[in-house]
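Below are two complexes that have chain A in common, paired first with chain B and then with chain C.
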Partner chain A sequence: MSAALAASPPAAPRAAGLARRIGLRVAALLAVALAWEGLVILFGIRPFYLPRLSAVLAAILATPGAYAAGFLRTLTETLIGFVTGGAFGVAVAVAFLRCRTLREMVFPLFVVSQTIPVIAFGALVVLWFGNTLMAKAVIAFYLTFFPVTVNALIGLESVDPRQIALMRSFGASPRQILTRLQLPSALPQTFVALRLAASLSLVGAIVGEWFGDTTGLGVLLLQAMYNENVVAIWAALLVSALLGTGFYAAVAFLERRLVFWGAEQ
Partner chain B sequence: MTAHKSLAVQRGILGALLLIGLWEGVARGFALPAYVLPAMSDVLLGVWSKRAMLAEAAAYTLTEALLGYGLGALVGIGLAVALTLVPRARGVVVTAVTAVNSVPVVAYSPLILLWCGIGLASKVVMVALAVSFTLFLSTLAGLDRVDRRSIDLMRSFGAGRLALLWRLRLPTALPLILAGLRVSTVRSIIVAIVTEMLGAYGGLGWVIYQAVLQIDFVQVWSAIVVASAASLLFFGLVGLAERRLLFWKAS
Partner chain C sequence: MLRHQDDAPATVAEPAPLIELRGVDKTFGPVKALSGFSARIGRGEFVTVVGPSGCGKSTLFNIVAGLEEPDPGGALRFEGQSCHAADLLGRVSFMPQRDLLLPWRNVIDNAILALEIEGRPRKEAREEALRMLPEFGLAGFEAQYPHQLSGGMRQRVALMRTFLFERDLMLLDEPFGALDALTRTLMQRWLLDVWQRHRRTILFITHDVDEAIFLGDRVLVMTARPGAVKLEQRIDLPRPRRPDLVTAPEFIRLKRTLLEAIEEESLKSFQIAEEKA
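The block that comes next holds the complex of A and B.
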């Protein structure tokens, strides 16, 4: 009872703080929307550069099916690539941690891969897999996988050796040390990469669609460009922004939940 | 320690050689067709035989990337510095930048291509857009890192806003600004290539896209190898400059 009483007071301000934060976000969003509409009318900006927000929203509402289908398709590609890439990246980092020789032989190649335009390999992936959903998921996969491996390994290696020695002295198995100590310690660093990968995997999916496909946000962008339809481009951009922000926010939310002890920013 | 370090370097080189060997061996040994995996030697031969065309394309892409990089860095850093001098504008500017930045940068390519045509200008604008976001955010984070007490101390000695900025804020922000500059090198080349794929008169992205359409795998690989080399060179040069400028930060 006393524990429940002690727990309830901080919960209320936290909920209030959350409501306030959400309120501020919504207010900022409305302000941007109003500024968009207002500036276009005020300065008489030609629709070729920036159509009014209401016109863009009307374009989305005119064919909501196409935008919803594109949204779902790109989201699926991004999610499959992101989840498998993240899981595989952590697994490879653990393998590197366990096998020092492997790490020293392969890890430098991973670091170098961070400095080359890996997205250019997307062209090859599309050639290998054809214009399938898989091809885009694979592009999103490797764009996620490289940074996650690098950061997860840095996190795994930053564990204090004395803590490992302590757990070992209490008879912990290597598996227990990994799941109870090393993986949780590596979480903050891993999430830094995951947040980066959230944007990268979406970029991978969109660029992958440019090589030719029939549905997806990238396809909508490309079709609008060929038709020189600026309103449709802005509509696709708006839906991409929704997807990108939503996905990033979901990853950041997961981070706050899992790394409750405070992540390094 | 150094003995182990040199061993690690040796193993790293060994790893790279093994990868090349494995690639060559698998492609040759299984006689894989070029559409699965061309042999490394064929790719390098492809680079050599098309060296004039690839060098021209690389020069074109690097010009776009460098122009956009310089422009984007100026705009990004300049905007962040201006905000510390005019703190009142901060809320508005940060909201606007966040709104524009919520779209994945490459998604702006079709729009910019319509606005600026498929020549050099559209790629420079795209690269500048991507680079300025990165540098605006990292510069702002760096400028905010200043210790409140250091500001109070300098102010108590009569330092004005500009002196605070020049002698305290910018040196404190320098590590983050330089890290942003380093990350942006790769990003600028990626954005230039991706934008070229949508429409261009030349450049590595255009070469890659044409090769995909003609299903010429060796050419795709050759262009990727050249793009990677260019990116590594750019990254290395900026990394070197960073170490020179941050002389007080050991390793």
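The block that comes next holds the complex of A and C.
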């Protein structure tokens, strides 16, 4: 994926580099797929331990509707949790930056909240929100906001004080300093947390589904486990991996688009 | 050059200074950075400030930029009116030592930052900046980002940002300090050229005596900390100043006077450090 899109130097070599990297990744994936299929046949591994990739793919293609519905449902939960968690995390970081007292009061509570195992917290959330989509989004939110708060705060605080002084000398208001200087400066650091949160929010959504639901990748995993249907477990796993990787890649792509200047200064 | 017709000593009152500091003190905890600092800067004047390192030059600048309040007792007057340092925020165009360009803004958008904060429409501000680009040697670079520019170019973008923010008083804090010697002399000549066309009042910090004489109408030499004015030297060299001026006998004579004063102060600050040790 191309860096520095906004900078727009010659596009042709960049496009060639992009094609090459995509080609390499596809080749690597194909190699893994072939190895999987080949090793299972070669060593005669029993399907109970590792079914053949072709069998897993066939299982997905046999009932594509169920997997697609599960994919969409889990994606929705993850996205809602991720977006609200990310926004809340940044908002709290700004509030902490502005008000030291608030930070000293609330920050320890946040830390405590994060030491509660997500499973324990999940039971409570299901009691509050029932078996709804919202319950899963809340768990995804819970896992997302904290790393974003911490990293955004680090980013906001690492702004060069001379840069703030310069903005003030231009007569900038605190709001202008925030939007034109502090928030963009904190972007690289915030994205470190957002990439982490991309994986965490998916975990939250899947764990949330285990507390009870009818659709979702977590539901498919659980059902397959109860039925001891190994192929179905692998199928659900594969679709989850696709969702996780795709989501992470989307966040990483957004990062390269927005933070095109790199870690300069 | 209108104000410089009389040969009276510099201490004689000049008509309506743009900014005036009288007996300004500034302490940071146990450290006294400025003590009884007094200076008057007339409209359209180019005043340079030199002094040993750690003499409170930057403190002086922060006060004039409105970023730091002096201790109570001294007087600060801007355009003939007594004022607080904070009143100067947004009224002085300030350029710090480092270019401090925003890496996510291209050349044009960095240059118009101050105009944007003033509330000028972006489109209008960009058009104005585009017209100014050639004068700053940046024509064709408007869409480049800071990480794609050389040090000298970045500095010119920062200067352009300062010039676009049209205020009567410009504060330049060692703007060429980080540049190599050749780029530096080119930038000095270029700055004089731009200044002569725009006629702003400039207060310029440097630790380079040649630079101070070459650029200034007047040079203020600061004492070792706590900073005050040790010597005020009028530079009556004709303008426009040519590059070979630095080897002229008058130039050398001025340089000798200034260097003597600075050296005396530098030695003092060394002695203070030794006594403390």
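Of note:
Just so it is clear, the second predicted complex is superposed on the first by the 245 of 265 C-alpha atoms of A that agree within 3 Å, B and C clash if a C-alpha of one lies under 4 Å from a C-alpha of the other, contacts with A are read in each partner's own complex, and residues count from 1 in each chain.
Keep this in mind: contacts are C-beta pairs under 8 Å (C-beta built on N, C-alpha and C of every residue); 3 or more make two chains touch, one makes a residue touch a chain.
Keep in mind that this is a model prediction, so the values were computed, not measured.
Looking at the shared chain after the overlay, A:167 reaches chain C, while chain B stays out of its contact range. In the superposition on chain A, A:180 makes contact with chain C only, while chain B stays out of contact range. When the shared chain is aligned, chain B comes close enough to touch A:221, but chain C does not. Once the two complexes are laid over each other on the shared chain, residue contacts for A:42 go to neither chain B nor chain C.
Of the two partners chain B and chain C, more chain A residues are in touch with B.
Once chain A of one complex is fitted onto chain A of the other, the partner contacts of A:261 are limited to chain C, with no touch recorded for chain B. Counting contacts as defined above, no chain A residue meets chain B in one complex and chain C in the other.
Residues 62, 65-67, 89-94, 96, 98, 100, 102-104, 113-114, 116-118, 143-148, 165 of chain C are the ones that touch chain A when the two sit in their complex.
Contacts from chain A toward chain B in the complex involve residues 28, 31-32, 35, 48-49, 101, 104-109, 112, 114-117, 119-121, 123-124, 126-128, 199, 202-203, 206-207, 210-211, 217-218, 221-222, 224-225, 228, 230, 233-234, 236-237, 240-241, 244-245. Within the complex formed with chain C, the residues of chain A that make contact are 6-8, 160, 162-163, 165-172, 176, 180-181, 184, 187, 260-262, 264-265.
On chain B, the positions that touch chain A within their shared complex are 7-8, 11-12, 14-16, 18-19, 35-36, 95-96, 98-99, 102-111, 113-115, 185-186, 189-190, 193-194, 197-198, 204-205, 208-209, 211-212, 215, 217, 220-221, 223-224, 227-228, 231-232, 235.
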